[in-house]
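In what follows, subunit A forms one complex with subunit B and a second complex with subunit C.
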Partner chain A sequence: MHIMEGFLPAEWCAFWYALAIPVLIYGAWKTKKEIERDPKAKSLLAVSLGFIFVLSALKLPSVTGSCSHPTGTGVAVVLFGPSVTAFLSSIALLYQALLLAHGGLTTLGANTVSMGIVGPFFGFIAYKALKKFNLTAAFFSAAAVADFMTYVVTSLQLALAFPASPGMEGVMFSAIRFLGIFAVTQIPLAIIEAFIAVLLLRSIRTYSPEVISA
Partner chain B sequence: MTESLESVQMNSKKVMGPKARVWLVLLSLPLILLDTQSQLIALTLFSLLSLHASRYYLRLLLAPAVFILFSTTVILFTIEGKEIASLYFLKITDKSVEVAQSTLLRCFSAFSAFCYLVLTTTLPEFVNLIRVGFLREIMLLSYRAIQVLLEEAESLKISAEARLGFLGLRRWVKTTALIGHMMFLRSFERVEKFEMAKEARCYSGIFPSARSEGGGKILAVMIFLAIFSGLFI
Partner chain C sequence: MRPNKILLLVLPVALIALSGAQEWKGTDDIAEGAIAELSPDYKPWFSPIFEPTGELEGLFFSVQAAIGGFLIGYFLGKHDRES
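For the complex of A and B:
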């Protein structure tokens, strides 16, 4: 995740920005409505954003123009849902670019699509599907799926920008190669992050249920 | 790391105001992505500006430089074309050399512009340029939350380490989750108190911010025009 500044060609930067902007506008609108409904939600939103920032700043380098790290979006998507998480993630990504030189401005659209939109969306679907049966499994899948899907999307983004040969075959070949490189660090990270997310969400639910209900 | 970069930002030499800096970089980046000549001009100008701003530029550049070199090496062995060299099963082709070369130049050029912004502009300076009130407020509040989270994380980590909380994988995962929970709750409490303090001081919904000096607009326009001229060379 976190494709670095300048790594993607102009047309792909524009494409990912065009995809991210409508979702971010909707996420911002929902966040504003949430704050208007309950002004105290502002603090929870700010801390969750900070949490995404801190977790996703723990990076391990990967050799594909990107790096591996926990995403922190699994916890946020359980607390706020996918659209607000997308909005929060985009700000966390902007902060990481400006405070840690991690990611970039031209690649912010692409990074938002993978870490803020698609990953949490699939995490949310997994959470909703398992919530009725087993809450622990639902928390685990939300974090693991959000994390793992982020890397699948990043691999696809890199493969689309740098296909081995013209056409879909070249894109698939590159995607498999990038996924293979990421998998070494990312699968263990996704599992560890999911365990941490389960323990975190369970302890929040046990000791501070008002945070979840807020 | 955040603190050290923030102190670098505060102490760096600035030749133009924050507004001019932010707009210069934001308008230059699309040009850098588009054209090779613009990339060369931008790389030269922004490297000079960054070096003048702070010596930290070279340190900041080091990690991404290694990263870019590794990444372009992967590209070098991935893209198919007419084979020009091979190493066991790895092939370097004419097309892969072309793509790797253009990616390398684009990355270094864009990164030099980005570094100039990162080295000279503090986050509140950047956020103050945003006109949407609610967005500005949530961004500044979350910036405060990040500072609190990092502070809490540091003290909780020291305390857990002193109690051998990170010994073995199982204990590491459990301790990390507990730290995460405590970090979350303590930061939530502190940010809530910060909110209450604002309300008690008749906060009107507009975050107070220091008025920063303008200036340097002519220099910013000249640099932008130099990069823009690359499109026509």
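For the complex of A and C:
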């Protein structure tokens, strides 16, 4: 879902940075609070970050004949909510922008908004909606929805920057084009990611049931 | 070891084995092509400060996964040792 370095017009880079930065600041502050409140949170933050690192390092082939990355944000969002997830995601995105030329510094704001903020936010809503009924289903949905919505957002970001023709119609046309590239490929990957996230979250729950309030 | 934990170990390995399919094109690259079609005049205005060669790219991806794996293993294991 990485928008490549230089592949967003400067005004869009600025726009997405402006959205991402306040959330990142709040997320960093909240991460600090979590650690102060409960030193044990440090371990779980590390595990959440680890999960994002592992999953977003995987390049998986999909049914469409192309391959893409899972995002790994499902665990963080279940344990700590969207703003901390945004902060943790930006660490992984920065690593990939600097060392792998995956994504970029100019597009870091846009990529943080998709992978760190909006995707996980939808995952969080799915988790909240389902956790009363079935915790496993809630874990699964949180991870799958966060992953899938990340790529929907990327598609929309690209469509807004590169409309096929001026006006809303052009944006729609481009959106369908980019969704065809990203979203379809992502469905099987989101499901695979969700299975792994469920396993990890369930083991975390057996270790420390108190961190996941049912 | 409960079956859950074994799965937790086996699944990622299976995934990494699968991901060896190098000829599959990345969606990022396909999107780049789509941008070139939709806005033929668009020129990327910034390029990566550092771009790894193929070998190095593999290395950095592995290091990223290794850091992640270490964080998960160390902190879950720490919890195990303490309880």
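Note that in this section the second predicted complex is superposed on the first by the 192 of 214 C-alpha atoms of A that agree within 3 Å, B and C clash if a C-alpha of one lies under 4 Å from a C-alpha of the other, contacts with A are read in each partner's own complex, and residues count from 1 in each chain.
The rule is simple: a contact is a pair of C-beta atoms (placed from the backbone, for glycine too) under 8 Å apart; a residue touches a chain by one contact, two chains touch by 3 or more.
Computed from a prediction, not measured in an experiment: that's the story for all the values here.
> First (subunit B), second (subunit C), both or neither: which does A:74 touch?
A:74 sits against neither subunit B nor subunit C.
> Using the touch definition from the top, say if A:116 reaches subunit B (first), subunit C (second), both or neither.
neither
> A:5 contacts which: subunit B (first), subunit C (second), both, neither?
Both partners.
> Touch test for A:104: subunit B only (first), subunit C only (second), both, or neither?
It touches subunit B and subunit C both.
> In the overlay, answer first, second, both or neither for which of subunit B and subunit C A:185 touches.
Touch status of A:185: second partner only.
> Touching A:32 in the superposition: subunit B (first), subunit C (second), both, neither?
first
> Scan A:46 for contacts with subunit B and subunit C and give back first, second, both or neither.
In the superposition, A:46 contacts both subunit B and subunit C.
> Looking at A:91 after the superposition, I want to know if it touches subunit B, subunit C, both of them or none. Which is it: first, second, both, neither?
Only subunit B; A:91 stays clear of subunit C.
> First (subunit B), second (subunit C), both or neither: which does A:177 touch?
both
> Do any residues of subunit A touch both subunit B and subunit C, and if so, which are they?
Shared contact residues on subunit A (touching subunit B in one complex, subunit C in the other): 4-7, 9-10, 43-44, 46-47, 49-51, 53-54, 61, 65-67, 92, 95, 97-101, 104-106, 162-164, 174, 177, 181, 192, 195-196, 199-200, 203-204, 207-208.
> Show which residues of subunit B lie in contact with subunit A when the two form their complex.
Residues 1-2, 5-6, 25-26, 29-30, 32-34, 60, 64, 67-68, 70-71, 73-75, 78-80, 99, 103, 106-111, 114-115, 117-118, 121, 123, 126, 134-135, 137-139, 141-146, 148-150, 153, 173-174, 176-178, 180-181, 183-185, 187-188, 191-192, 194-195 of subunit B touch subunit A in their complex.
> For a test of understanding, state which residues of subunit A touch subunit C in their complex under the given definition.
Touch list, subunit A to subunit C: 1-7, 9-10, 43-44, 46-47, 49-62, 65-68, 72, 92, 95-102, 104-106, 158, 162-164, 174, 177-178, 181-182, 185, 192, 195-196, 199-200, 202-204, 207-208.
> Which residues of subunit A touch subunit B once you look at their complex with the stated criterion?
Contact set of subunit A toward subunit B: 4-7, 9-10, 13, 28, 31-32, 35, 40, 42-47, 49-51, 53-54, 61, 63-67, 91-92, 95, 97-101, 104-106, 162-165, 170, 174, 177, 181, 192, 195-196, 198-200, 203-204, 207-208, 211.
> Touching subunit A in the complex: which residues of subunit C?
4-5, 7-8, 11-12, 15-16, 18-19, 21, 24-28, 30-32, 34-35, 38-39, 42, 44-52, 57, 60-62, 64-65, 67-72, 74-76, 78-80, 83
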